[in-house]
Amino acid sequence: MSNSKQPASALSSPRFCNTGTFMRMPRMKDVENPDFVIVGIPFDTAASYRTGARFGPAAIRSISAMIKPNNVLMGVNVLEGLKGADYGDVNITPGYILPTYDAIEEELQPIVNAGIVPISLGGDHSITLAELRAVAKKFGPVSLVHFDSHADICDEVFGQKYNHGTPFRRALEEGLIDPSHSIQVGMRGSLYDPDEHKLAAQLGFKLIPGHKVREMGFDAVAQQIIQRVERRPVFLTFDIDFVDPAYAPGTGTPEVGGFTSWETLSMLRQLKDLNFAGFDVVEVLPAFDSGEITAYMAANICFEFISMLAVQKKNGLR
Amino acid sequence: MSNSKQPASALSSPRFCNTGTFMRMPRMKDVENPDFVIVGIPFDTAASYRTGARFGPAAIRSISAMIKPNNVLMGVNVLEGLKGADYGDVNITPGYILPTYDAIEEELQPIVNAGIVPISLGGDHSITLAELRAVAKKFGPVSLVHFDSHADICDEVFGQKYNHGTPFRRALEEGLIDPSHSIQVGMRGSLYDPDEHKLAAQLGFKLIPGHKVREMGFDAVAQQIIQRVERRPVFLTFDIDFVDPAYAPGTGTPEVGGFTSWETLSMLRQLKDLNFAGFDVVEVLPAFDSGEITAYMAANICFEFISMLAVQKKNGLR
Amino acid sequence: MSNSKQPASALSSPRFCNTGTFMRMPRMKDVENPDFVIVGIPFDTAASYRTGARFGPAAIRSISAMIKPNNVLMGVNVLEGLKGADYGDVNITPGYILPTYDAIEEELQPIVNAGIVPISLGGDHSITLAELRAVAKKFGPVSLVHFDSHADICDEVFGQKYNHGTPFRRALEEGLIDPSHSIQVGMRGSLYDPDEHKLAAQLGFKLIPGHKVREMGFDAVAQQIIQRVERRPVFLTFDIDFVDPAYAPGTGTPEVGGFTSWETLSMLRQLKDLNFAGFDVVEVLPAFDSGEITAYMAANICFEFISMLAVQKKNGLR
Amino acid sequence: MSNSKQPASALSSPRFCNTGTFMRMPRMKDVENPDFVIVGIPFDTAASYRTGARFGPAAIRSISAMIKPNNVLMGVNVLEGLKGADYGDVNITPGYILPTYDAIEEELQPIVNAGIVPISLGGDHSITLAELRAVAKKFGPVSLVHFDSHADICDEVFGQKYNHGTPFRRALEEGLIDPSHSIQVGMRGSLYDPDEHKLAAQLGFKLIPGHKVREMGFDAVAQQIIQRVERRPVFLTFDIDFVDPAYAPGTGTPEVGGFTSWETLSMLRQLKDLNFAGFDVVEVLPAFDSGEITAYMAANICFEFISMLAVQKKNGLR
Amino acid sequence: MSNSKQPASALSSPRFCNTGTFMRMPRMKDVENPDFVIVGIPFDTAASYRTGARFGPAAIRSISAMIKPNNVLMGVNVLEGLKGADYGDVNITPGYILPTYDAIEEELQPIVNAGIVPISLGGDHSITLAELRAVAKKFGPVSLVHFDSHADICDEVFGQKYNHGTPFRRALEEGLIDPSHSIQVGMRGSLYDPDEHKLAAQLGFKLIPGHKVREMGFDAVAQQIIQRVERRPVFLTFDIDFVDPAYAPGTGTPEVGGFTSWETLSMLRQLKDLNFAGFDVVEVLPAFDSGEITAYMAANICFEFISMLAVQKKNGLR
Amino acid sequence: MSNSKQPASALSSPRFCNTGTFMRMPRMKDVENPDFVIVGIPFDTAASYRTGARFGPAAIRSISAMIKPNNVLMGVNVLEGLKGADYGDVNITPGYILPTYDAIEEELQPIVNAGIVPISLGGDHSITLAELRAVAKKFGPVSLVHFDSHADICDEVFGQKYNHGTPFRRALEEGLIDPSHSIQVGMRGSLYDPDEHKLAAQLGFKLIPGHKVREMGFDAVAQQIIQRVERRPVFLTFDIDFVDPAYAPGTGTPEVGGFTSWETLSMLRQLKDLNFAGFDVVEVLPAFDSGEITAYMAANICFEFISMLAVQKKNGLR
């Protein structure tokens, strides 16, 4: 493993040693011109039911030491051509969403501006609004690819505009995303508003609910995503509750009837040619996890994100 | 959400507040002429392996606060036309099955007689015998639709007639169910009696073991259930161990090779036109649960029960 | 148990049935002129480290079913002369402290004004500020008796004025408490500000740190509290992390070197003649609890609060 | 370690190998004329709150592999002069207390009659009644030394005579114990009957409640026990909830304000000269344990029981 | 149940009594000429990430009490024609792999030589090398059927030749297995060596990675296994991490994207005509398990192994 | 907090952000001439019962974020005059003790030689032998102050010389410690060798067993330690099982009858004038911890170590 950009190999350095960064990658300050950075955003104040996702980034990083650099199905070593780093955590303000949004935007903006792809670890889903602000400031309104069991397009929750149930309504209002090239996938479960799925359409989104995903099949869903997004800059946001609670119990608002780890990762891989401007995986809540399986699933989702970037780099597309 | 029959919406009242009833519905004494009631039957004395299902009703009620009133796939708001209430718990006698049976029957009888559909939360599966006594006193022998990994038709367990392995044998003997219109679905795992499945047939039941369910497919199974039951009054009993332990670890006698949450709920929904006289979901054991996923699955099963009633009410069938 | 004000006895109704209120007491709307009410305040947004105390009130109520009405050491049946009720939960706004403070104050004010003693269940310690607002509006600046491992008198945390580390600084500034008759007991552990204990003195408080409690002995501490408070209206606030993590692991910011359950309850009992205007017990965090021992300790602390009121009532002092 | 009566030493055989008997001792059928036997009585049907103590014997045996044969404070190798064996479990009937009582008595009687001291592992406290029947059939009414947080002398619970809250009332009625030489120690916590402690006295017992234990000190308590019992055959029953929940969270009805492991074991050791006819340790409930600390505490209590027998054997008193 | 070779039936003896052997079968010393034995090998020193699999054999045995003797899908009572026994645990040396290998080989050799099929419970996967030594000494190089998410064919891990990542490389070098009739199934997840799957081919193995299993379908995979192995003596080794973490969270190096319990057991059953010389199931790690579902899955895998032997015996093939 | 040597204050940076080093201190490479370093030694291969202490360093570091820099009882800000850093983890070889010993010694030697005090986080107690090698190479035979429930002076365990039960026997043989100025404190629990405590004396140690600690009182014990050690260079090794399992459940071989967190820390503080050459705290096993209380206790013990160094520095003694 002579390539110095590779993180410590577990063949020589045990995987439970010197953890603290994603895949035990170097910290951002020690890497020149990384292609992507892992950013922790440990904010959970906007969660409506269970809290504790502030410990999500630490849990994902800890178990990510189990991930090795070669992605067999993608045919790529994620760190061979690509340079990654771990940024650490955004200095959020627990309990206060507005200063937190400012901090996220402020810390992500230079990353985005430098052409580095941010891969953020939540935290609750409210953080994505601020990530989108940073991304849209550079790219203009981006396409949104949103995997989740909830659409997160409420106007208000508890009489408040900012909550983990409202980020994409706000993002639309702020002009951060282009709904006509955006898509939401996997929504399921009981609803307050029986017309929430229609509301998504009215807002301009395409929404494929969970039961439609099963009817159409994962390949068709992937194709719809690709067609919807085209070559526009795209932000992919992944709420871990897209996955069934059997596979991801450690989350704040789990929803039964979800997808397996295999289904999820297979669908993600098909998106490898999208023009990614940023990613996040949110809502990992370690206090309700079991055997760290939720955190490990989240780490693998990040690994697929990184792999997609690596393939693009390898193919000269980045 | 001006409809006063709706429970508190989490959009204005956080879902972790004022829990204690199913879906935070009103208590029975505060509702006139409900269509259905949720009844806790926290009895676990008849369990043969792990005990602790006495805490099942409280766990299901607690997490049921996450369920919202609109069932998208059924196209219905469960509390819009339908009135529901939470009865509270039957005053069972821990450690003593006979007085408990008396208490269940005595408390359920007026409910059933009033034309209210009881949806009971166990407790171990022995409780269903007493529920059937109450139901059959009004309707005569009912059809039984029984989802479970075990047939629960032993004659005796530990030399005793009443145990969570015997309720349907007793129900037959007592003439509470009509086996020729009853069906058992999902049985799997190792057996003491190699001919237990034949025994079910000898007793007059139709039994579709788990591996046949997979061979036939869920649609065909649903059709068989519907054909078997016809328009007779039917009692649907759901043992949570029908579901695979990955999806429902919190139960007393889990069985591998079971069904997913999606498969389960999809099959249930197809039964929406049956003439339901009562329901229960049993064997949720919180001490062995993980991330409350078993309790939440049980709560969703109840939600499907309620949704089926709501559809029938909406369609003028109730 | 003919006294109808008594909650259901576990000798006839199992303690795991019909839970949902503290000690399975009646709800407030069903009780005329209660002497005290239990109030849930499931707000945890202001916690600086672990969150999840929003599930504290439900956990305390659930396990409180194990408490029986006679307090042997106090020689009183807590519900014989005294009338109690469970108010339910304040309609807090998760994620937003200012509207939550308004809600707490607004909901508590009529209780306090009616001469009912509120016993609140947290929730993080930030809630006490709003409770004090309601109490002070009626009584003027009250004496504060504060058991905790932290003094909670920071000026700001994360650059914010409202946090679970600042409530007593704010309460002083707002004139809600009279520091010259207030006392803080049990502070220990490492500090950011080496002079925090002196700061307490500068603010006018008396602060007895944990190591002094051990030097002086619990009787002497109790005497100091009594002398400090005199006959003024007093608000007793109890942070569960006063107790050692061995006895109360389920909390957000545990501190080693704390007190045992026996020491704690014994000291509390000596305060039985204070002129109580209100109480709370805060910072119970079920996701980190083990065997529900923290929630049960909190429930017993409430039981001592109620017992003190009952003794006063019995003695004609209320 | 040439003495063949010694169990496998962990110095040569790892303690996690070949477990299944207490301290990995031989099974009863492989030992001629043992001095004592460990008997599992995995019955939890009579528990009033949490169930699951049926898994207590297995948990205690499992962790007992950590106990080594020399008791330093007693100056004895417990298996050097003394012969012990593990009987296995009584064939109880889950869910049915009367046939279980018969089974316990029937299986224990030959042991007792053969002069072998039974050390039983519960299971809930109801089992002690049947153990006392077997012991009293040989010895006549025995002295009872009872460590517990509850007196267990109710007449009825849930309208039933047999429950884990009634065994000593029944034992008195059946003439199995001589109350004038019996003593109950450690009772604490809230009560239904304010006069329960007086009731114990009326029944002829001496009862030292928990707060008196602290006032008197452990040495004085031990002396009172010794004086009360004199040289009569004595049955020592130990409910693990005597110990504080911090030290023993895994039990069905924990009670705060209890005793530490050191206090408990120190007091027990002082009873080494009593004329023991039998022992049990009950109410260990693994599903609520943490780090197996409750089971290990119970195993150590048994080890003290065995050590007392070993000292007596060494001194020619047995 | 008059057949004395049957273990205690749970219909008369509760399944939580007298555990300690697999399916509560008799111990080896009490059975003459068994057909197979269960052997615990509680060694976890060679694990590269999480340790604790030393408690795997005890956990599997404990929960195996839930398995009953009739395998419906195989049409056989596993103990009717077949005689089984529980050998107990190999006297391994924790912390030292070489003396452990000697102990395993030494203790297994007489079993294998006597024509008894060993079914070993790990422990980490390193133990299989020593098992193969014993088997190959009798049978010569055997066919290996290896289910796992990892190929375990590294040359060195941490600079060491013996580790749970190297056993099959060593087995090849030692001539214990015939790679041309061996097959590895289910490998998936990220890799250090991008060519690890090719390396397997270079070493002579056939390796079907996890994604190919899904493409081919389980029937085709089973056929490939059967064709590869032919009638040669075969050792089947099953690493529990073949199964998805949702179904088997309790393991040392879980891998997402795995197989369900139903898929796994269905595939295994198709191998029933292979000429089995030995089996093991490894890497069960109870400290990370949830609701004992991993241990129960492992126990069911063993039950399928035993069932295959029973079918062969019934058909005169053994 | 203008002092740049201070770690991030939780008043401005939440304590769950940017964890990964002890107290979120800088890494060693970023600190010039530190006074002390925290060194992780995640090796658990030599544990005789439970394994998993390899995750101890990560768990202690994670929760250490809760510790603030001022030690009130010692009157010192631990990082004001003193410079600390986190070294990261020694590159141990899981499964192999001899190369691990080499790695520990090799990595610690330059630290020790540079006059930096190492504070190591275990890992099992076997690691202390290698730490002592590094320390003794610089200082010659050091005084050992050893807090533990076990003496760890066996000659062999499982026939092996290196195990977590043998390090101090080996250290004596290798001349690394001067027994005549060394002392062992807190030993308790059952023993294999009844004369183990005498053996300690024969080896030249002073051993104060746990029950003597209670007889003498903690002040007297501290005095004996001080008198024994005098001004010699001393290595303080702290096995977390010195503390009672109620306070420290997360360990490999817990022992009942232990000490509280307050007793432990109070005694440690009295040793503040010893001439420390090194420290460690070992045997923290997160998989058996509850609410992270064991890891937090260990972090606080380290904080006391650091505080003692800080006091010495402040007083010009370092």
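Letters A, B, C, D, E and F mark the chains as written, and numbering starts fresh at 1 in each.
By our rule, a residue touches a chain if its C-beta (ideal position, glycine included) is under 8 Å from a C-beta of that chain, and two chains touch if they have at least 3 such contacts.
Being a predicted model, the structure only gives us computed values, none of them experimental.
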item: Chain F and chain C - chains in contact with each; value: A, D
item: Chain whose mean Cα position lies farthest from chain F; value: B
item: Maximum centroid distance from chain C, chain identifier (CA atoms); value: E
item: Recurring contact interface, reference C-F, options C-D, A-C or D-E [over half identical by residue number]; value: C-D
item: Pair exhibiting more inter-chain C-beta contacts, A-B or B-D; value: A-B
item: Self-contact between copies chain B and chain C, residue sets same or different by half; value: same
item: Centre-to-centre distance between chain F and chain B (centres being mean Cα positions), rounded to whole Å; value: 55
item: Between chain B and chain E, centroid-to-centroid distance (C-alpha), Å; value: 38
item: Shared-contact residues (touching 2 or more other chains) in chain C; value: 12, 14, 16, 48, 54-55, 93-94, 158-159, 244, 246-247, 288, 290
item: Full enumeration of touching chain pairs; value: A-B, A-C, A-E, A-F, B-C, B-D, B-E, C-D, C-F, D-E, D-F, E-F
item: Chain A residues touching chain E - in the complex, by the definition given at the top; value: 1, 9-12, 14-16, 66-73, 75, 77, 244, 246-247, 260-262, 265, 290-293, 296-297, 300, 303
item: In the complex with chain E, residue positions of chain F that touch it; value: 44-48, 50-52, 54-55, 93-97, 99, 158-160, 162-163, 287-288
item: Partner chain D, residues of chain F touching it in the complex; value: 48-49, 154, 156-159, 188-194, 197, 209, 211, 214, 244-247, 249-250, 253-254, 256-258, 288-290
item: Residues of chain F defined as touching chain A within the complex; value: 12-14, 16-21, 40, 42, 54-55, 58, 61-62, 88-94
